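You will see two complexes here that share subunit A, one where it goes with subunit B and one where it goes with subunit C.
== the complex of A and B ==
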């Protein structure tokens, strides 16, 4: 067997294991999903109320706002990454050693777990999303081109968010509560990433800061592509920027991983 | 009653002594809350740079609402949640027997044994934020408004406590229910904003079924519409009724509790 097909076989095994694990704890998994829907529904309600009172917000009507937040619930699901919490635990308890013994980079576990979680949740999320579409009646300019662009932006965003979480995981080699650091960035994403509101609603100072952070490309950007705020050129450019961020974060992650491993071994854990 | 207040004071003192060993936890929690409040402030900036009011609430009124949200959140996290968690573990392992045989009201002991002091900081900061909003609000601060607010907040907390008591009593029949609290937190999140923004059915669920709205929006709305005698009286009787029903429910639960070994 060559290396690629071996990796593929390992991935299949990991994925099946994770999938079964998720199904085992389906009640907890389902409740986490509900939790992820709370934000979009709440902010849709706030901005919807504001739009109704003022006619529109920054030129967006109620339908456009509904579209933004309904798509947001989809984007949150597909771009989510949370291994920083798990990795911190592996280091604190020393269980990382066990995984290091296997001839297999431990990060593959996180990839498999991430994909399995997202796949399992689709079982109930697809009907929930369908319900949200029917209930909120979002004004979405659907076309084959848009959907393809959206899918590409979404994939780039998922990759970026995963690598971002991976970099923050690595900090666990040096600080005890690296997961708390990651939690801080989640609050930033909420404000600068397009969680609280479309970037178009932000005061100029905040939206300017947002453009220089990778957070926008994980949440707000795929949504802007889907709802048609970003033109085709802007979408393609955004995907390129997103991928560039991913390359930079991947390089940083590999450097931190090597340095961290040396340190981890040196402690004698 | 006096005895229970003295007991609670004792529990509080013991908790402070216990948690004094983890002072860093207290300060880091406080810092985290400050950080989140900075985020909330930035959020308000975003909202109010686009509008004058949210569903009729001005900036100052929303500040009171957010302060109230954090007072309640701090109290739930420091008192309701930790006691609940311990209680659930005890029912599962059967060690609840030790609690029930103590010469004090079991419901009282199960709900107030422990105070997670680290989370009290959030309640304190919430109170400061609410005070800020109240002072800023047009027309100045009236002592009557403040008293009405405190009374409404007290009633709201009693209702929320009753809700938690019913929730935790369910553990007597269904042993695995920690997930219920996660649902509570999802819905509680919605209390950050005036309830008036939600569609009717959702408002009914968050407002009254899971009494987030009653405990957060209602007291804060006193500064909006001026909460007075009749409304407060109705609220107080609702709280008394809720507490009565919840205590009954708890007793039913205890009656069906058979300990782990039997």
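== the complex of A and C ==
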């Protein structure tokens, strides 16, 4: 068995194990999913009500706002990464040792877990999203080209978010509760990433700052591509920027990983 | 028959820098602004080598440096100084070819995924180690029989008993047939029968695959049953490295004479033969210098009402305890 087929087989086995694990506590997984939908639905209700009262918000009508937040619920699902919390736990308890003893990079476990979680959730998310589309009637400029661009932006955003979380995971080698740092970036992402509202709703200075941060490319950018705010050229450029950020984060993650391993105390193991 | 070296540690030293502070509110506020650290030397200048096929007991009280040494030899920790080679690899480089040939079983750490059946972890390991399907099935069947695990692989791990779980941990750790086994308290918390079963399994695995085993255990029965050689570490330094029988010889140069009596014997009469360890309900235990044991035995048989008499070395637990308390050769 060569290295590539072994990696493929390992991923398959890891995915199946994590899928089975998720299904063991499907009720919790379902509740987490509902929780992840709460933000978009609440924001849609608030901004939608303001748009109805004033005719529009920053030129966005109710239909556009509905489109933004319905798509946001999809983007949140596909780009989510949370391994910073798990990695901190693995370091604190020394459980990382068990994974380090295998001839297999521990980061593959996080990839498989991430994919399995997203796959399991699709069981109930697909009908929920269908319901949201029917109920909120979002104004989406649907076309094959736009969907393809959205899929590419979404994939780039998912990669970027994963690597972002991976970099912040590495701080657990130095700081006991590094997940608090990651939580801080989630709060920043809420404002600068397009979680609270489309960047167009922010004061010009803040939206300018947001464009230079990677957070926008994880959430707001794929939504802007889907709802048609980003032109085709802007979409392609944004995907390239997102991938460039991913390359930089990947390099940083590898440097931190090697340095962290030298520091690793394997306490409790 | 000459054997090649499997594990070689040379002057391994590991220091940790740990934050320290006094208890209480004021100290915790002060530590917010200025943290104090202390350097702890967990392992100091440790050197030894182990050949292929050897089973070596690695002994020491809690905090002696056993697990830290094991973690360095498995590549989990980078040493502060010194060097090590395991199967010719520098462990902390964590090369795939190295990791494929070793295993570390920790009695207090699980690799089995808690909420799903053990088989899912086995299948994951099969893929990670690239074990061919037929070989995987054959090895699994063999281990299942040796460890009496029939019917346990489809239950979630959390529903297994501690002993069942430990046996499944061993299977998960050995499916890839590693050449070097680092076993850290593999029988921790298990009942006597289960301990014995796991010892037997380790012995058979070692004999079958000519593997090298470095074993830590607080259960001296594990050590006495499996290890001809022991390495004793205390306060991070090696105190003894040699045959278990030599350790007993050097540390406890006396024998225990267990005498079953058929009539009453006064404590004074018993003391005339040697140091009395215990005398109760027709049972006398005497401690006698090794070279005098035959003469005292002859006297006991002729002067006391003896039903039965056995001569034994002192229990290994006592010997090790004396080493920790007083050092080798001085105990």
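By definition in this document, the second predicted complex is superposed on the first by the 264 of 269 C-alpha atoms of A that agree within 3 Å, B and C clash if a C-alpha of one lies under 4 Å from a C-alpha of the other, contacts with A are read in each partner's own complex, and residues count from 1 in each chain.
We take it that a contact is a pair of C-beta atoms (placed from the backbone, for glycine too) under 8 Å apart; a residue touches a chain by one contact, two chains touch by 3 or more.
All values reported here derive from a predicted model rather than from experimental measurement.
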Touched partner set for A:58, first subunit B, second subunit C, both or neither: first
Subunit B versus subunit C as contact partner of A:35, first or second or both or neither: first
Subunit B versus subunit C as contact partner of A:254, first or second or both or neither: neither
Touching partner for A:26 - first (subunit B), second (subunit C), both, neither: neither
Subunit B versus subunit C as contact partner of A:6, first or second or both or neither: second
Residue numbers on subunit A that touch subunit B, as the complex places them: 27-28, 31-32, 34-35, 37-39, 41-42, 45-46, 48-50, 53-54, 57-58, 180, 183-184, 187, 190-191, 196-197, 201-203, 206
Subunit C - residues contacting subunit A, complex: 16, 67, 71, 74-78, 94, 96-97, 99-100, 102-104, 106, 109-111, 113, 115-116, 120-121, 123-130, 132, 156
In the complex, subunit B residues that touch subunit A: 28, 32, 35-36, 39, 42-43, 45-47, 49-51, 53-55, 179, 182-183, 185-187, 189-190, 192-193, 196-199, 202
Interfacial residue positions of subunit A with respect to subunit C in the complex: 1, 6, 9-10, 12-14, 16-17, 20-21, 24-25, 94-95, 97-98, 100-104, 261-262, 264-266, 269
